[in-house]
Amino acid sequence: MTLPETAGIALLTLRVALTATLIAGVPALALGYALARFRFPGKPLVQTVVALPMVLPPVAIGLALLECLSRRSPFGRACEALFGQTLLLTWWAAALASAVVAFPLITRAAEQAFAAVPLRLEHVARTLGCSGPGVFRRISLPLAARGLLYGTLFGFARALGEFGATSMVAGRIPGETETLALAIYGRIEMFREGEAWMLAGVSLLLALAPTAAAEIFLRRGER
Amino acid sequence: MTLPETAGIALLTLRVALTATLIAGVPALALGYALARFRFPGKPLVQTVVALPMVLPPVAIGLALLECLSRRSPFGRACEALFGQTLLLTWWAAALASAVVAFPLITRAAEQAFAAVPLRLEHVARTLGCSGPGVFRRISLPLAARGLLYGTLFGFARALGEFGATSMVAGRIPGETETLALAIYGRIEMFREGEAWMLAGVSLLLALAPTAAAEIFLRRGER
Amino acid sequence: SRPLPRAVRVGAASSLREALMPSATGFDARNIPVSVNMTFEASSTLSRQVEAGAEYDVVLCADAESLDRLGSRVVETTRRVFLTNRLALLGPQGTLALDGIPATTKVAIAGPEVPAGKAWRKYLEGSGRLAGLEARFVIADSVRAALALFESGAVDYTLVYATDAKAAKRAHAAWTPPDGPVTEYVAAVVAGRDSAEARTFVGWLGSAGFQEDARKRGFGIPPK
Amino acid sequence: MITFDLRAEYPGFRLEAAASWASPATALFGASGSGKTTILEALAGLRPEVNGRFEAGGIRLDEMEVHDREIGWVPQDASLFPHLTTRGNIEFAGRSNASEAAIDALELRPLLDRRATELSGGERQRVAVARALAAGPRLLLLDEPLAAVDRPMRARILPYLARIPAELGIPMLVVTHDPHEVHALASHVIVLDRGRVAAQGHPRDILASPAALGVLEALGAENLFEVKVLARAGGVLSLGTAKGSQLEMAAVAGFPEPSRVAVRAEDIMLMSSEPGLVSAQNVIPAEVAAIETLGEHMYVRLVAGEERWVAKVTARAVEKLELVAGKRAWMLVKAHAIHAFDAAGA
Amino acid sequence: MITFDLRAEYPGFRLEAAASWASPATALFGASGSGKTTILEALAGLRPEVNGRFEAGGIRLDEMEVHDREIGWVPQDASLFPHLTTRGNIEFAGRSNASEAAIDALELRPLLDRRATELSGGERQRVAVARALAAGPRLLLLDEPLAAVDRPMRARILPYLARIPAELGIPMLVVTHDPHEVHALASHVIVLDRGRVAAQGHPRDILASPAALGVLEALGAENLFEVKVLARAGGVLSLGTAKGSQLEMAAVAGFPEPSRVAVRAEDIMLMSSEPGLVSAQNVIPAEVAAIETLGEHMYVRLVAGEERWVAKVTARAVEKLELVAGKRAWMLVKAHAIHAFDAAGA
């Protein structure tokens, strides 16, 4: 494997995983907050749906996604109308698959992080004239920051490693949708373990670099 | 699919996932505590190794496990000597694979849960004559209980859904190693989606029943 | 050679699923002279597992190479080709041929590590078409995954096995290259797991009853 | 006019308290566990399980969203925002003149850049008070705001707090165990007893009821007078009471001129004849009105001019001086025993 | 003998404090932010960033594991275990006679089954004290243990705390802002000022130094005497001081017989001639030794018999009575102005 080839795969993977983290992250944080703070009807149902991608084998997720994105489904047709082409077999599909898989992880971490913020502090902020969104932005978010950041990075790591669902909806088109996880799979199946482990190292690096950066960043913030 | 057949698969899956949760849970809780509470040399290295199963595609994990359990490795030979046969293609191998995959999830949740326990309370306990293990058992553990329980259940859910590594080391032998995730995969391959979704429902049920039970249990404890 | 009759543990290539486990309830045990426990994996995984010491009694691979890699880990004398398969191109209904694939459409194919993928590539290369098609390949990690892409409409053409053509639910046409290679499914007893039951099973694979049944599902029968 | 009527049931504790007052400065007084914090938290909107109503200035605050109530709540545990500095906490609701004034009055300027987690107990409490003030609330709820603050600093801060209702027009409800603070800050007291309002009113009126003597003892000052400063000389202030008597008190540096003073019954000495030269600045002729016994001590109620006084003496002294109702007696009160409290006018 | 010598550097605060005492009951006194909590937490082992040594009874506690130090630490914020009940907290270190005694003395019996999170501020503090006591520590570190407890209850609990060093043989170090508590609990005071020990010693000795008057004012009681009870009659106790003088004080129900009493300089009235019949139980002839001015007030030092006294009067009174060193004067002290403190013997 040449260096540019490896770098290409790494860059593509980064793009896919970052997009996935973004797609999953925002609703996951919101949902995590809602789960930690509110009681609402249908909460158990929501929790069930959130857990789904955890419990299913990735092929099943892939299949469901394939169904969603296919021309047979309204969502698939809507996407096609919006993007001018089907999302299947593009890196967007890979990002979507990774997002689905990362979603429960981030949601769970966010729920845990928000639940650890003392209600009392949120309440004091409210007496100081902060309404719901203000309290969220100025109290809950900063106090949960560490947990949220780690949760998000955790989701990012999971997105990096996503394989089953991704390969189903995105194919494994070198240079287009072949992420590190897919490339590692291919190398292993072709008995090129050396290359596979090298790519695994790259993958690990991608996963840990932001974690390390975050650690340093958070430490600074604490001084 | 007959009911007994489904029940058989569900029971096997339950056995595998519970064993996996146990195998992964104990060291994950200990490691989570260590990561939350101590600084030690090689901590970043440990964190890297913990993250590994998150980032790698399951085939890679399967491959590594296969290598570990094979006769070529001392660990594999030790296991063979101990159990009288190789663990490969047994439900133990499936449990092991699921454990490896669930491990980072439980570790992370445990770390977050333990970090949320006020150091101050642990310290008060220490002034009251409790040594390290006592403080852990009487303060850290009960105060982190909710987070730990959820983390463990989360790991359990992940173990239920494990597919890639499992099928590599355990095969997919009906009645012996065919867990729900593997069965769902098989049904999908055979274009029997109806059965696959039915099994997915069973899987979800298995994942959520203990979560619901835990919720009720914790609510009671709080009164 | 064993005191108690026990289930023969068989590791089979994924594409044999239709031949070996055709019914919803699984295996039709009445026809098999021994009790069997069956698992389906990619051929490469099977050979890897056997290499690692996994205790299969019999392995059934979709290519000879996977067995070749195992060398003395299989009992050479038990090796036999028991079914064959043909390559197939699936596409939209109507007349269909490799050269008729529109120049810009994507084509789903299993990875080169999968016997079907390998066989297709070899054939395309031999007939000088690989270069033209390769850039448009969508690589799936199994023949089934390639088929799923075709079914979902993500691709309109896929390169699979003839047996898969029967399983696809999407309305389609199938074309088998007349000059295409014949894929051979090879069975062998795993070294150290040799037993009368294992040999009986391998023998059964060559029985007319089984082979006729498989033929109905699109497999070919090797010349005796 | 502020009114609340609250009800809640906890295992082992029932709250059933209603009160209503017009005084801009009110104290909530009661034993530990009598429900003071529960009431304040309910008024701040923190306790949904407490039912009832809460009105201030004709507005039903309990029906408003918490963030619209404009309540400056200082929780008993300060509850500072741990991710912010002292300044960040104080200016949480925005920068204002009020924040600068509060920072100075509460002596927080040297601590502005310190993180909230790095403050001492007393520093935390002061920051919480400044934070509540800086938001410019319509009502202040202070839950033992100075419990962790040392005596000299408390003496400096109290006058500032006492001026708030009058100068900034913010009414306040203060929980405190410290009788000195009650007198310094409040012109209305609500006495809580096991979740119920046992008494409420002007400290002076509460004082008049003999049944309230136990509470009064806890309050620590049984004689209260509205006063005007007549003159100031040599560290002594001459005060005129509403009914025309004159009192001399020791001036306290930095303290503004008092409008109310308190004298503890314990601090009054009685003589049966006119004393000669005595260091006490106040020698007040009076007539014994009644004598009440509480445990081993005696409360002698006296009338001087039109003012009512109560002195606490030993039974032996009553005997020795042959005190009976109608007898003439001279009260000796040191200038230092007259405590000035610049409470907002009732 | 207990010794500490601690050093730490925080942004904006430097701790550099050493002290050493043999008294079983010692108070740590100082303004808010002077470093009291920092010292206690360092002694309890919570602050690894604080360097130095800490010895008790010849044992280097700072070199021991925290769980072997056997220190009963009552943190300023109580820090109860939130997952346990009151009883669970108190019996955390095991059931003992000490826990039952503490439960009764701190009036916690009605709260035993309540969760720690459901307690009021004062209740929490009392539970924290009981928890520390129940562990049977070798040393008690109390950080403002009664700050949130109301006055009457404090008056009931203080004598119990005061007896601990003598009866249970547990020395204690108490942080408090309340001069009453200092006198009630301590026979040794360490005065902290901005992280340094400004003074330490027996309250009486600290008192003798004119430089410490500011501190003393904050302490609130300038005249301290060791006493023996001679007689009790009609709510009055007759006390004999070590030097042979006699004082009469009001008996306090439930309070044990005092071994030390304090009189605030403010509470002493002076007359230049022998008074006639007066309610004050103590009329003490004395001689003016010196007159000191502090701000607008004057401290008159007197000698009566062999005892030294200090009285706080206004400048005007000094003038009126023509007080000068050597002049004869009568001190009037009410029986109620003599405060009993059953401190452990020094």
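As written, the chain order gives the labels A, B, C, D and E, with residue 1 at the start of each chain.
Note that in this section a residue touches a chain if its C-beta (ideal position, glycine included) is under 8 Å from a C-beta of that chain, and two chains touch if they have at least 3 such contacts.
What you are looking at is a predicted structure, and each value in this text was computed from that prediction instead of being measured.
Trainee: Taking touch as defined above, what minimum step count separates chain A and chain E?
Mentor: Counted as steps through touching chains, the separation is 2.
Trainee: Using the touch definition from the top, list the chains contacting both chain C and chain E.
Mentor: A chain counts here if it touches both chain C and chain E, which gives B.
Trainee: As a test of understanding: of all chains, whose mean C-alpha position lies farthest from that of chain D?
Mentor: When every chain centre is compared against chain D, the largest gap points to C.
Trainee: Once you count every C-beta pair in contact for both, which comes out on top, A-C or A-D?
Mentor: The comparison resolves to A-C.
Trainee: How many Å are there between the centre of chain B and the centre of chain E, using C-alpha atoms for each centre?
Mentor: 57
Trainee: Hey, how far is the Cα centre of chain B from the one of chain C, in Å?
Mentor: 34
Trainee: Taking each chain's centre as its mean C-alpha position, how far apart are chain A and chain B in Å?
Mentor: Comparing mean C-alpha positions, chain B is 21 Å from chain A.
Trainee: Out of chain B, which residues touch more than one other chain, so two or more?
Mentor: As it turns out, chain B has residues touching two or more other chains at 63, 188.
Trainee: Multi-chain contacts in chain C: which residues touch at least two other chains?
Mentor: Where chain C meets two or more other chains at a single residue, that happens at 45.
Trainee: Quick check on chain E: which residues sit in contact with 2+ other chains?
Mentor: Where chain E is concerned, no single residue meets two or more other chains.
Trainee: Judged by the touch rule stated earlier, which pairs of chains are there in contact?
Mentor: Touching chain pairs, listed by label, come out as A-B, A-C, A-D, B-C, B-E, D-E.
Trainee: Show me the residue ranges of chain B that touch chain A in the complex, using the header's touch definition.
Mentor: These residues of chain B touch chain A: 44, 47-48, 51-52, 54-60, 63, 105, 108-109, 112-113, 116, 147, 150, 154, 157-158, 160-164, 181-182, 184-185, 188, 193, 196, 200, 203-204, 206-208, 211-212.
Trainee: Within their complex, state which residues of chain E touch chain B.
Mentor: Against chain B, chain E makes touches at 44-46, 65-73, 75, 79, 81-83, 92-93, 131-132, 135.
Trainee: How about chain E: which of its residues touch chain D in the complex?
Mentor: Residue list for chain E touching chain D: 10-12, 30-33, 36-38, 76-77, 110-111, 114, 118-123, 126, 143-144, 147-153, 177-179, 217-218, 220, 233-236, 248, 250-251, 253, 266-267, 269-273, 275-281, 295-297, 311-321, 332, 334-337.
Trainee: Would you pull the chain C residues touching chain A in the complex into a rising list?
Mentor: 42, 44-45, 69, 106, 108, 111-114, 137-141, 145, 148-149, 152-155
Trainee: Please name which positions on chain C make contact with chain B in the complex.
Mentor: Checking each residue of chain C against chain B gives 9, 11, 14, 17-18, 21, 24-26, 37-41, 45, 48-49, 51-56, 142, 144, 167, 169.
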